[in-house]
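This is the structure, below, for whatever I ask next.
As written, the chain order gives the labels A, B, C and D, with residue 1 at the start of each chain.
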């Protein structure tokens, strides 16, 4: 057992930390918004950040294998954490932002040569953006077998009809591709009825209805969350990903890394919050002394540190398991981080907000926005309760010594 | 000891519940907004609702004494709760919305005849709106003795200079009056250095800089929360409320009822959430049955009910104490509800959001918005920790048998 | 609505508080024990306390109707709370201790004249003690329909066979009577198969096997918790309480008051703990000042007060409902206090223990023992989860406006 | 970073698990007690277990360096966890039980040759037992500078006078040695006024007054917790450990490993509880199905697993830090596990108790006893709040990137 990062990770961490200090944090003020404003386009500064990141070798770090930087999950995790300190800019600057990351993984994993040429290549170079359409308003979508959007064959085309919402990324004007989960079969094994299909966003019948909000935030800088209707949308047969019926399996394969990334970025937000807490506690005076001298504030800070440490270790161990025994065998741990990390970070952010008073809930600090991200992740990819139920069932049936 | 409402309260409850069913709930859909939109003007339907409420005798219920409906706190509390079920419309429809309520109380309590004629009368008839400017970005404003905005005499004018934020109501285009807390003395007893002054919103030197957000919400329909600078703002001597140095005392007098109202409206939001929870639990299916049959959902519902009941009883007892022994003697209980109720309701709303999945965090349901209100109230009027500290000190020093 | 006690309650409170100060607290030191000691007999001082309590009119206050003091639940509740401040002595001193109280209620309610003469009379005068045998080790006894002990007729006798445990009171050498729940029918409506039967403790076939502990405590002074086997125990036909099949209904009727009493006594323990907390916080010094000056200690004290107030109000309202609409209609509220109060008091006691350091967990203070009582009540009368489930189901199905 | 145990650890784990199955668990039933019984002598079976453990190379595993098994903290930690599954027998069987372990460490670290010959040797071979006397009833002993017991020189003797309590191990009839912390100086640097001294238990003036309980438990099998007075107790000059004034430094050096051991054993108790939970959930039926099918039970099981995993990782990382950067540099993490682990395990045990109903609180299962151990550890070595305060202060002052 060894808790030190390997050398490549340490080098990349140093490079990334310098990039954050020199380029990312200085660019943050230019991206502020008033409450009245919604802007789903990426801020102009992003192109410059991307060029610089690429120059420094900080590009596509999330993607294992030949198409990406070739890092393991354990190597990438601490880097993802650092990008979480500035979630509006840093992940995108490194071309490591959701939902494009997951979509690139899917295309690298299941796309054929033509699909990779047409969509993966421009995504890898950040020329276009993409969106992932899974959740439907009318069914409990945490169980993918409930998905109702239909994908039916008509001649040499697939016809897609249905309604999706919380389609992350689709409000971005640069979004060109929708990866859509639907049903290609009405019978057969329940986990072999779904498929994923590639739909260019400008295909007739695709209608982006509106942006959905999360606790008042439009999630502008990640391309928002769209509600989209698909009405007799026709695409060529070649747009189906993998074999018909492989949708569920591809979704499962994609989930593990996505959760690791989300969790590590959340920990970066928590660390950013702790930086703000330290500043505030040192500089703000109440009841005759700095906040940092008050017992309650110290307890919050201590609890926050204890929670961060535990959450991070759990994520890192999960990454190690994915690297060593595979995503499937690490299923329990992946569920565990999905449960543990958003909750821990939500708690930390809540205290950070409280410490900052009115400023904490406002647009002047990123804390309330970070909180909304953490809170929403307790629902994304299925509510915590679904994962608790599944993890609990396994725990109650498993007699093996660990 | 008797836990039944008196007859007048029961009658007013019945009248109000009918008004909600016939007018308020049907008007709600017209006030929906997209995330991209911010609108600080009141929705047009409000004038109609106000006319109808007035016709039914549901007007200025919050205000005791000759100027208002003459209810006790204990009589008004359950009515305030009902208005909380539709907080965008109902309080305003009855002319019982913050911050106007507190401002009318102040004017009724401390205003002279001219001040009441010019400002209280049009507020009582809802011709104008008003705002209350207390919090300052640069000091811990929960301790009013920190307030730095200066009110200095120059000839026959008061000159006001300072910066305020989270000035509730000031973004409303119908807002005409700002009641501003500032310092009129630099020495003397620390709680006799503050005064309140009436400043027409169009006075030269008043500059409304921007609207502040609370967790992504602009709090549009309550006139938002403004940041305002006051630069050499001159008003006549007659604009000072009460004697110079009476500001702290007036603020204290105002706090009790305001907290009762906030807490009761929060309980109304919690009840509204429970209605939504019941519908969702009955209609949504997962894992082979309605959510209502799942153990975890039942526990949430039970816990929610237990918390609502306890919180409501505490508020009602506090109202009773204020009516029988006075606001000052009920100080401990007023702090207790300030601590207990937002927290209880926040918990309930969090579970209601979780039960609704993606819809819960979105603009399609009021739950996330209610949550942001409850959460922000843990900071408004001083963070919970200030009240816990004060209540705890009293508890630790008080040996009297209760 | 009125939150003041009526005059009779106030008078009895004053009498009882004086009795506590003059007799009960001074008698406490003589009842201390070492960890090595177990003593199920009542301490000798109790007879003196009982005589004095009786002289002062503080006798059988728990029992409504002709046999007792004739108080309502709402009148008795605050008196029960006061006895909870010294739970080893005060309830017993007033002949208001479980399980005798519940047994007396059952006998007053369902006993025939002969049963009342033989058992109720000596219980009312504290000449004998009694026990209640419901829980069985082999079934989930929170659902009384699972009870397996058989009561079968053989000639003019009832024959009882089964195993019970946690039979409260049965280790007391003065215990003479066991009221035992068993099955008199194997078919018919599931809630009409149980009966209660009176078994003198010295009946052949009754074997008291051992005392059960609760978190290390033998609950000595309440007569402990026995495991008892019943092997072909024969009693006359006249020993059955009420009609065959009435056991479930009698048990239900008994539950409401019992829970009120337990909850109020717990609140008395919480208040006693707060007295200790105040003393400790004032006298103990750490980090350069008394504990009372530390923020964390103040927060605990404040939270404790807020929880006590809310819990007490909920119990009092429940008592009022039982008095005005009956135990059956107050079912939901009775469940609510069963859930809310032990949990609140457990929290308060945990903090009080923590504040006292090593002394807090030891036999030198009553805190750890109180804690064990509160914790065990989360299981007695059915685990909280059973009540949460039932309350939740009702909440989710009930659309009526409250 | 690597989360796998090394080979030696895996081999020792396998040996130890086999020993547990073949010897320890089968010996447990013979050590049960009734609530009425207190027995501070070790159960007779222990000598057999010790012989067998020694034969298998499972002896003094806790002790690094030449005197013990030479394991690192990281190697020993998972073994300590396994012994925690049967805390009454397994640690003692391996001669790895507190407080002897800490005392042996102290003697190995600071003892001179004669001290080691006389005391360390028989402790290493389990011929005698020892106790550690630190806490005093009259001062906040979590701050060792408050210690009031005096150690003064008189001729060629040290004279010890004072009162200690919660002297773990001292009720054991085989206890021969007390290691006592006292003051050898009244001035000079505050952390150089304390010394540790070796006092044979039969020295005149040593009076063992009574055993202290922890939540009703006498902690029989670990030699209890004694209150001891020292009245002019004279020992030779050679009985002082190290230099005069070195007591604080020795205590600090000892704390780290002791906390690691306690935390790992607690995790073993948690795993044992999970085994019981699994059995109960599978075999107990309520509401028409096994408990394992109920949502609330599944959530408890899932939460328990998530908490165990996080707590264990934090302890293991702390062990690794102690091995790689030293106990001093790992100070923050040692505090973190002191805070995090007892709390996590207490939660898990509370749910396990609840799931088992009446049996859970009783002597028939180890759950309530385990709970009392976990709860008491929130106070031992200083209450959590002291560590939170210290950790929080460090967190608020430390700007370094981790």
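In this section, contacts are C-beta pairs under 8 Å (C-beta built on N, C-alpha and C of every residue); 3 or more make two chains touch, one makes a residue touch a chain.
Here the structure is a predicted model, which means the values were calculated and not measured.
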Chain D against chain A, contact positions shared by both copies (same if over half, else different): same
Taking mean CA positions as centres, which chain lies farthest from chain D? B
In whole angstrom, the CA-centroid distance of chain C from chain D equals 37
At what distance in angstrom does the C-alpha mean of chain C lie from that of chain B? 43
Could you grab the centroid distance between chain B and chain D? Build each centroid from C-alpha atoms only and quote it in angstrom. 53
Listed in rising order, chain D residues that touch 2 or more other chains are 295-297, 299, 385, 389
If we count contacts the way the header does, which residues on chain A are in touch with chain C in the complex? 294-297, 299
Parts of chain C lying in touch with chain D, wherever the complex brings them together: 34-36, 38, 135, 137, 140-143, 165-166, 210-218, 284-287, 296, 353-354, 357-364, 368-369, 371-372, 375-376, 378-379, 383-386, 389
Show me the residue ranges of chain D that touch chain A in the complex, using the header's touch definition. 1-6, 17, 74, 271, 274-275, 277-278, 281-282, 292, 295, 297-306, 309-311, 313-314, 316-317, 320-321, 332-333, 336, 339-340, 385, 387-393, 395-399, 401-402
